[in-house]
Each structure stands twice: as structure tokens, then as C-alpha cells.
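One structure, as C-alpha cells, below. Some questions next.
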């Protein structure tokens, strides 16, 4: 995809990614936080993949070897799990497996910032998915992330979109990976192209772990679509956002964020290739 | 509130607490068990707060510094997380942040009893919330808690209510904190006053983690209402109990404890200040 | 049950097991993975039992002492939790408590295989419940488990049923325990008899943790029915499968695996002795 794909070329791209996941049932090794791990497992099963979790340094090399990809999420990192991330990440790299980094809370603590940067430098993840504050922390080597949510000052908006698209491409080039910055507007970029995605609902931020779930999905999508990780990651972002829209449309009086969480995973479980193609709202810059 | 508040003074107290949480979006650092952590995160988001979890000693000082309060729950304590509790608790104290202790299983093991007592003595939590068996263990320095539920012999009833109210006030005075003893009848006391709260449903005990969720809520309520932690904690207790009633009223044929869990969190998500004021059932002694 | 029970003897067996659980409220100590731990806790509450989780070596001896049984699940094992498994397992054995092993991922890594085998050899669990790949790994001392799901080549089918029943009985004899091999057809065997159970739905494999939940249930059922662990474990397997059928029958348009998870636990919460007797589909070989 050396130039912007034509409308004809775009047709069916996302559908193909989804169908590959369902056909190949990618096995994903997750070293992830204990807050949202159950939802990550269920969303991987929902999309057609298969999850396995392991964060003991002595266990992860064997486990990652039988998987197709590795999803590293630093949401509740500790010394043992950090060691496991590097053992698994090096093994995944030796085997040519897809690795994704979700730098949860990078910028909010020294340990998180340093660990995320070390992972980028030493493990060379294929995809980095975070909110804008986390991604800027990786870009700058430091940050001011407030908790696990993006700073308001950092939001991607229509006003700063050109600059943000350039930033995403620049970082993708610098880190030789796909960069996914998610928020009200999602950006998924490699050095040459950036998907600007407008799926999703603001209410998704009132559920814990929609970002973690997306990182799991993006890993599975890249494992099943290894020849085009940009489109694979963008498909996963569209899928998550569209599921948020469908899940919200199914909400009834009295439903809140707990039921919404279930409905989003349910929507991913039921998503067809046609639905994804028809519902995805994106442009490529 | 040096004397019993008049009906006029009481009016709107709980509503004000709820509105402050929604306005201030308190960020709560949770060092909590991995059993119910996802529900704690979702209930904090539901009430209008924001959760962050971290239990690595090297990480917690930074994390607690950016938060407004610290929720310490010993439900699945281990040596690393115990160390993290003290590092975070000392930092929270330095910064004047609200700290809540949920002494899960105090009395059921030596490690839990000793850890809970050390936390009370060294970290001086602003609020302690537990069942009667756990609270009595803190009072007596030892206990006979059977598992994570209160001993039947220990229940707060109308028959022993006067004695229990006195115990709650005495402990609140001794530990210089707010004491919340939850069960069929809930007591929330400082040295001078005790809220006797009769919201809730017995079926809530068939869901794992309603106590843990309440501790998260109470922390957020105290962060957003720092000038009256007694009323803030009592508001959170009323909120949880009322959500249990609303959630139960929304149950349909075939629903069980898993759906009930979702409906309770949903009810907290949708709770208005007016609903809370109208539905709270309490007296102050 | 030295011979095949007659139809008359079988009548009410499962119902009696269920009623004993509800009457005795067995307290189960779980050392289990952090992926599905919340569902394990809720399913134990749903069936009428009570869960407690602890995996700190210094805590587990006290905790297991106040429980009736121990459920060991190696799904996210680490060095600390492995140590805790042995401390708790030895204490449970001293006290004559029921111990169940769920060898999640045995065969998928050296650490999992070796840990599972050491648990069998040193702790002599009363029940081992796993998929066929995991159980074969225990039988052979090594394995080729792909992730946490059974290998397709290993499935129990009508074609290989006789051989599989023999294998289950042989292993039960060799390990002096009840062996539960779960999959499309479930086998629950001691040395002399094997329940062949045909409850359940294929869609249950699209939910994370139905196996972990079943292990929790089987532990509770054995604690409450200590004189016949074979029937107790078989009752739990029928209960889980039947709940899967009832939960599936309650699915509505748009529901997926997340809602299905809730409906299964709900069905266990509402299951009556009569429903279980009427819905269980098994023969004894």
C-alpha cells in the first residue's frame, strides 16, 4: 500500500481481516493486568481467537512459543511480570511472532514510563496501542499522564488532526511499528498512512478495560493478517468502536456500564464481515 | 455536626455527596484483591470516579501521588502487595490523602489479622469498612472469622443494636476514624454519631465482592467530600444498599447472582441525587 | 457402588448431592488463576457454597484449615502460588479435606506439566478435572497441549468412547482419585465406574473459564458429599452442562458469549434438585 488505496482496493479489506481471524483462530499469549484480564480473554474468544495468560518468567517462553502473538499490557506491572514481559518478548521476536505493547499508565509513574520505553527499545513491538497521553510519553521519554485516562489537554480533535496524524506517522517511522492512538477520534498509522477512525461511543470510557480489550483484539487481528498489520490493527479498532455503537443501541432503560460491557463483547461475538465493512467509519490520510 | 442534625440539616446531605463525586471525578488508587478487582473498577466508574490499580512497591508511590485517595483491601494479600500497602499508605498520609482499609478475612488467618492491625496502627486509615467479624477482630486483636463472611453469632440485629452502635462509636474514637460495619443492618460511625442504615437486600451476599465494591465507593465519596467523611461514607453505604434494592427490583425470571451483579453496578451508574435522597433509609444515633 | 447402580438406586443421587451443597454451604479455598477467579467465586456462591481465595504461602495454611476443601488451578501459576499450592495441599491432606486439581495447560509448558505431576504425586488430589489433552499429559508425563484447549486429535467421541472410558478408569486407579475429563462428552470415573455425560453446549467453549468454574463446583460438591466423591463430581459435571443448556435456551437475539457467561451462572443459582435430576443425561459404564 505505497499510495492511498483506491475505493476499490479498500473494499473488503476489513472484512477480509475479520474472516481471517475466524478462520485461523489465532492463539494470543497475554501478559496483562489482573483488572481487565477476564474481559480480554472473553473478547479474544468473541472475535474468534483464543487466549492464554501466563506471567511467570519460567513459564512464558514455552507458552509464547505455542502462540501466534504476544500482547503485553503494563496495567498492573510488577517485578515478576516485567521480567516475564522481556523473556516472552525476546522469544516472540526470535520466532517472528507479532508483539503488541499497551503502555497503560505510561507517564503516570517512573516505573511504567521506563518499562514501556525499555519494551519499545528492546522488544521492538509490531504495534503500540495507547491513549494520546501514553503515546506522547513514549515519544518524549517522559509524561504527565493522570491515571490511566488521557489528559484532556491531549485529545485528538478535528482542530489538531493534521498535527496528530503527522505525529502518529512520525512515531510509527521512528519505532518501526504501527501506532494506534485511541480516543474520541482514533488514529492508526504506519510511516506512510494513517487511518482516521470515527467509530465508538463516549460511554465506552465509563467501562474499565475497553482499551485493554482492543489491544487483545488488535494482537489477534495482526496474527491472522501478518502481511498487513496496519490494516489489521485498523480493522480491530473499527471493530471495537462499532461494537461499542451496536452495544449502545441495544441498551435498555436501567442499563449501565456493567451491562454495556457485556453488550460490547456480545456485539463482537456476533459481528459479521458485512457488518464491519458497512459500519466502519474511516478515512486514510 | 456536634449534635444530631435536625431534619432540615439532614435534607440534601447525601445528594450533595453524590453530586460532589460526579463533579470532581475522584481518582482512587486501589491495592485490592484480584477476585473482585474488575467490579471495583467498574463501580468506581459507575459512581463518577476513576480507578487505578497498582500493587508493585516500586510503582505505588508515584501512582498514589496522582490520586485523591487510597483503597487498601487485603482480600488476596501477599508479601509484595503488603509491602506496597505500606509504601502507598505512608505516601498517601504525607499528602493528606484519604485512606480506607477493607480488612477482608481479618480473623481468618494470622497474616490477615496482623496485617490489618499493622495498617490501622501505622497508616491510620480515615475509614475502616468490614463485616462485624472483621471489625471485632481489629477491636480485640484476634478473631474467629470463618472465611470472608461474618460469623452468624456476630450479626448486628435490632436486639443488640444499642450495644453495636456503642461499639462502633468506641472503635471510631479509639482508631480516630470512621468505622463502617456492614451487614443486614449497616452502621457507620465516628466518635460522636452513628448512622444506622437499613438499605440493601440479603441476596447481595450471594454475589462476590459487594463489600469490596462498597469500599471503593466509600473511598471515592470521602475524596470528593473531605470535610465530612462520616456523611460521605454513610452516603456510599446507602448508595450501595439502594442500588441493591433497585437492581433486585429489575431482576427477571431466570436471573441469578451473575446478572444481579451487573444490575447493581448499572443502578449505581444511573443513580441520581434525588433517588439517593428518597431511597436512603437511615437514622442517626 | 460395587456394581452398576440400578435405575432405582440412581434415582435421586444427583438431587441428593445438590441438596447437600445447599444445606452445608461448603467453604472452598481456591488457589486459582486471576483470569477466571471472579466467575469461580460467583459460581461457588451460585451453587450454595462459599469461596475464599488465598495464594500467599504464609496465609494459605490458616485459610485452608477453616475450609472444607481445596481447589488448585494452575492456570496462571507462578513461583509464589506454586509454593502456596504445596503448603495448602499438605495441610488439607493432614486435615482430611477434599483436594481437587485443575491442571490448566499441562502439556503446554514444562513448568505446568511438572507442577501438575508433582501435585498429583505429592498431594494425592481426590479429584483431577481437565480436558483430555491435560489428563493425557498427566498420564504420559509429557504432552502437546496447544494452549488451554484440548487438541482436536484428542477429543472423546462415540468412536473412541470405550477406549477413553478404560483410560479414565485406569488413571483413576493409578492415581487413586476421581478423574473428570470434560469436553463434548464428559467422563467422570473412579477405578470401577465411569459416568458418561452428554450435557452441555459447544458454545460453552467460547466463554473463558467454564472449566475453572466446574472445578470450583466439583470441589464444593465433594466437600458436601464426602462419602461418594464419584457421584459428587459427576453431579457437578451434569450441573455445569445442564446450566449451559438452560443458559443457552435463555439467549436472545444479539446476545453473545459475555451474556452467555452470566446466564450459565444464573442457571446454577436457580437450579433445583428436580431440574438437575430431570435434565442430567448420563449413563454409567
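A, B and C label the chains in the order they appear, each numbered from 1.
Definition applied: a residue touches a chain if its C-beta (ideal position, glycine included) is under 8 Å from a C-beta of that chain, and two chains touch if they have at least 3 such contacts.
Quantities reported herein were computed from a predicted structural model and do not represent experimental measurements.
Engineer: Enumerate, in label order, the chains that touch subunit A and subunit C alike.
Structural biologist: Neighbours common to subunit A and subunit C are B.
Engineer: Call it same or different for subunit B and subunit C: same when shared residue numbers make up over half of all numbers used at their interface.
Structural biologist: Subunit B vs subunit C: different; shared/all numbers falls short of half.
Engineer: Would you mind pulling out the distance in Å between where the CA atoms of subunit B average out and where those of subunit C do?
Structural biologist: About 34 Å separates the centre of subunit B from that of subunit C.
Engineer: For subunit A, what residues touch not just one other chain but two or more?
Structural biologist: If we look for residues of subunit A contacting two or more partner chains, we find 34, 38, 261-262.
Engineer: What does subunit B use to touch subunit A in their complex?
Structural biologist: So the residues of subunit B in touch with subunit A come to 27, 34, 37-38, 41-42, 45-46, 50-56, 58-59, 62-63, 66-67, 80, 246, 250, 261-270.
Engineer: Which positions of subunit B touch subunit C when the two form their complex?
Structural biologist: These residues of subunit B touch subunit C: 33-36, 38-39, 75-79, 105, 108-112, 146-149, 206-209, 254-259, 261-262.
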